[in-house]
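Several structures are given next for inspection.
Same chain, two partners: chain A is paired with chain B first, then with chain C.
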Partner chain A sequence: MANLRLINITKFFGTVPAVSDVNLEVTDGEFIVLVGPSGCGKSTLLRLIAGLETDHAGEIIIDGNNINHVPPKNRDIAMVFQNYALYPHMTVYQNMAFGLKMRKISKEEIDNRVLEAAKILKLQDLLNRKSKALSGGQQQRVALGRAIVRKPKLFLFDEPLSNLDAKLRVAMRGELIKLHKKLGTTMIYVTHDQVEAMSMGDRLVVLHEGKVQQIGKPLGIYEHPANLFVAGFIGSPPMNLFHCKIRKDAQRFTIVTDDFELTLPDTFLQVIKSSNLPDNRVILGVRPEDIHEMRPEICPPLKQQISARIEYIEPLGSEVFATCTSGKHEFIVRFSAKTDIHPDQKIKLVIDMERSCFFHPTKENELTMNNNESGDLS
Partner chain B sequence: MNQIKSYHISSRPKATIKLGLPISALICYLSLSLMALFYIAPIVYMVVSSLKPDSRVLTDGGSILAFIPVEGSLRNFQDVFRRVSFGRVMFNSMFITGMIMVCGLVVNALAGYALARLQWRGREVVLTFILALMIIPFETIAVPLFYQVSIIGWRDSYHVQIIPFIADAFSIYLFYSFFIGMPRELEEAARIDGAGPWRTLLYIIVPLARPVFATVAILTFLMRWGSYLWPLMVTTGETYRPLPVAMAAFENQVKLWGDIMAFGVMMVAPILIVFLLFQGWFVKGVAASGTGQKQ
Partner chain C sequence: MITMTKVQAKTPQKLKTQSRSQASDERTAWIMAAPAFLGLLLFIAAPFIIAIFFAFTNYRLGSPLPLDFVAFQQFVRIFSDEAFQQALVNNSLFALFIVPLQCAIALGLALLINRPLKGMVLFRTLFFMPVIFPMALVAIVWELIYAPGANGILNAFLSTVTLGYWQPLDFLHHPDLALPAIMILSLWQGVGFQMIIMLAGLQSIPQTFYEAAAIDGANRWQQLIHITLPQMKNTIIFVALVTSILAFRLFDQIWILTQGGPNRATTTIIFETVRAVFKRQDVARGSAMSVVFFLVVLAVTLLQRRISRQEREIR
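After this line comes the complex of A and B, so read on.
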């Protein structure tokens, strides 16, 4: 088990910055997920930690020791690759034992460790099979086994589930969570799949264009994305964004769009007042589940109702996503599966303003009094 | 109605003959058989003639009898051993070809690996240079090379026939094209597993590259086994002379076609054995080098 610190890590490929000034502290036994779209630098960051990429600025520290110049084999880490990188000419046993053999561990110890890992991963019956004769799921487990037998300080996973079909991916996700609980080892996991990230990580590191956008607990990031990029990337469907203006009435602040008006809740008053908003413009962010169909018992003033038209629906069994339009605004609303809705239906909606977020229209960051609530902003 | 029409058209059986083969397939097989016959006939002719008395080789030459071993015996083979020190020239060929093959596999594989995998200044230039070397025929550099080896006193030796042919542009290219398509993650996994560059090469790269090693080995063997011009230029006596040069000398000396054919059969036999032994890997290697599919 290990503590990992990344201090001002920067890596260029030619003149293109792949990773820019990344700072991260991972505590012992934590499951950290690096998440972001393709090309955001998450795999490069993982490879820097592994020692597979070099020539970077900044410091990589494991348990207080700077490992910048330590070769990969001496970093006491294990890595699971996206395509598993199993040695196709070797059997499952040989694949799992290879790292131990290279470290000159005794035959008896190798046997014990491989059998123990095979038991955990249910690979006992496959030990004598060639790795190329295995299914994707089995190969994935062998790759995990190869990492486990080494008993490393740190596990690195580079999108290990992305080659599996949807069903197997969900199953393996659960297996990995269980494995982390059982081993208690520090794990760093790279994925572009935000569902995977949300469900697996103790903390997420959201990356974009080589820069850390936000670090925090999954739910914290979901509820309070640090900026418009995170708001759009985390959550499926993404957060709805409305470009609005703030109008000060006699006693209250009102959020005004061309198509509807909403009263600003008292909780946001201080934030809005203290933010230097150009032309009083602001971006309102609302998650699809925070927009509700208006019911008679919660009937807000007429202007705060959103008259919308359902363009199309996506029934998912447990819920229905409806893409709605109101004037020039298009947004997605999450309904329960039992809700009777259909395309072209006209509907009255209300927004749960207490759960909304506000973003600066030019800086694009979330307007909040205490950013630590949603995690440490970079 | 249209649907019914198209159904009838698409379901019409193709024209076949009694064997149950479509005519197009039959034409294809027939052409291939003719081509095979064209290539096999000289070899059969050589083997059959090597068993015949010398007088029959020329008289049977114009008829089908050329392919039938009438009055067959091994006398021609005995003649060859009696007239020349065949064992010596066979050893020379084996030693020279074997050394080029073994040293070539090591040198060319390492060169291909360095070009495909290691990052170093001028890599692209060297690669382009090596690719360009592939199109230069040996005959064009034979004379300058001869001049060079004469200056350093290498003529009439084994190494003059071995060293200039160890590094080979085509072999390097074959290794390069194999290694460049090999998943980089395999080497990275080995690095993380604790293997250094040499152990990665030995335990991971070489076992996976067996087909391309076999291909290069066979191609080198074939090329060098039949090498004639260079050995003719640099050898003067039987001591270092390989089979092709010895055969030419033998032909000038005896003028007996039965004996010459027997010499030819004994010269071809090792190539056939090598090819048959490594045939599977050879096909795999050629396919892998061509398609980029390595595993």
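After this line comes the complex of A and C, so read on.
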């Protein structure tokens, strides 16, 4: 178990910065997910922690010790690779025992630990099989087994589920969460799948172009994305974005688009006033579930209603995502599965303004976040 | 559209067209392959079959005796011939030393040049260069190196490094040194080829195995023993097979440098075969020797295939 601190980590590949100026503090027993699109530097960051990549600027500190120049084998970490990297010429048992054997642990102890891990991962019947002869899911479990027998300070996972089919992936996701609960070891998990990130991490680190975009609890990031990138990346479907202008009326501020007008709730008044928006432009972000079909009892003033047309619907069983248009604007609205909607239907919608976000039109940051590039909402 | 094509494909007419086009494909394939087939038949298969036939006769160029079938007599004769016995011993010795040595050195070189360092291309080229030289040229160059007397390159070199203690030797005409001398030059000439194959084998090992092993706590040496060597098994077996065949085929160097001497110390199966046929016109005897050579190579190949098949099952 370990605390991990990354201080100003920067890594170049040639002249291209793969990771730039990353700062992160991971507390003992935390499950941290590094998430971002491919090429965002998340795997590089993980490999830097593992010691598989070197020559970086900044400091990597585990339990107070700078490990910049410590080789991977002495870092007391275990890593699960995307393609599992099981040794094909060894049996399942030998694969799991290899790391212990290299560390000169007694045969008896190796036996105990491998059998214990095999029991946890339900691999008892496969111990004498060659790893090549296993299915993807089984190989994945062996790779996990190889990591947990070592009882390392820190687990690193590099997209470990991305080679599995959808059903198995969901099952393994659950297994991993359970495993983390059971072992209580600090885990750092890399994925490009934001659903995986949201469902597994205690905290997420959203990366883009080598830079940290936001660090925070999954729900915090979902509800308050730090910038337009995070708003678009976290959440599926992504946040709806409307380019608007702010109009100052006598007492209140109104958000104006070509197609509808919305009253700015008082909660945002201060932020909008102090934000120095160019030409009073602002980007309004609304999650699909924060747009509702208008019901008579909550009927807002006429101008606050959005007249939209449903273009097409994506029924997912428990819910329906409808892509709607209102004038030039296209956006996605979430309905419950029971709602009776169909394409080409005309519909009146209202936005739950209290739950919406506002972004700077050029700097793209969220306005409530102190104008920082990232905000830690943990 | 797709379904329509599928439905149509099932109609008898379509089936007929399909098989017709298949037949025409096959015909084209045969026509394309014909020149190569003909060449193989004419220059490899036919001479070989004729050789097997001659091995059971008394055929000798220019002999007044009529062609006669002599069953296994030629084989009995060659196996009781001391020169041929010595040739078998020499070839086996050559293979026994060269195969493990050359494989080990090739693997060593491959490991050395399989690093992403600057200038590796230069080393790769240098090590490979002897392979592209014809053996005749290599033999002549090494004849200068092995030249007897104090002025021979190797003698002069050894004399210099031992501060004059070295007594010049005639390597190629020394009964104990001639075969080792041939071994060294053969190794120098051939190792680049094996190195390239080993290198290809090394490069096909996924990098993540080494990364996983590094995290598992294996140092470089342990990675070599536990990852590289097991992963290279099939490549090593293949290289060993090729080297064994080349070792039994040993001829060019011998012909140019030693003529099998001194006192048969460097004679080989092929050398004896060539001598039997082209010096003594004894085609039947030479044919019997080639058949023995073929059987030796076949045995080595089958052994290798057996081992590598087991390996493949394990992998």
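Operating definition for what follows: the second predicted complex is superposed on the first by the 369 of 378 C-alpha atoms of A that agree within 3 Å, B and C clash if a C-alpha of one lies under 4 Å from a C-alpha of the other, contacts with A are read in each partner's own complex, and residues count from 1 in each chain.
Keep this in mind: a contact is a pair of C-beta atoms (placed from the backbone, for glycine too) under 8 Å apart; a residue touches a chain by one contact, two chains touch by 3 or more.
From a predicted model like this one, the values you see are computed outputs, not experimental measurements.
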item	value
Combined model on chain A where chain B meets chain C, clash or fit	clash
Which superposed partner A:Phe81 touches (first chain B, second chain C, both, neither)	both
Contacts of A:Leu123 with chain B and chain C, given as first, second, both or neither	neither
First, second, both or neither for A:Lys73, with chain B first and chain C second	both
Partner chain(s) touched by A:Leu52 [first = chain B, second = chain C, both, neither]	both
Partner chain in contact with A:Val114 - chain B first, chain C second, else both or neither	neither
First, second, both or neither for A:Leu161, with chain B first and chain C second	neither
Touched partner set for A:Arg103, first chain B, second chain C, both or neither	both
Shared chain A contacts, counted only where both chain B and chain C touch the same residue	50-52, 71-73, 77-79, 81, 83, 85-89, 98-99, 102-103, 132, 146, 150
Of all residues in chain A, those that touch chain C in their complex	50-52, 71-73, 75, 77-79, 81, 83, 85-90, 98-99, 102-103, 130, 132, 146, 150
Footprint of chain A on chain B - complex, ascending	183, 185-186, 188-196, 199, 203-204, 207-208, 295
Footprint of chain B on chain A - complex, ascending	50-52, 71-73, 77-79, 81-83, 85-89, 98-99, 102-103, 132, 146, 150
Chain C to chain A touching residues, read off their complex	206, 208-209, 211-219, 222, 226-227, 230-231, 233, 314-315
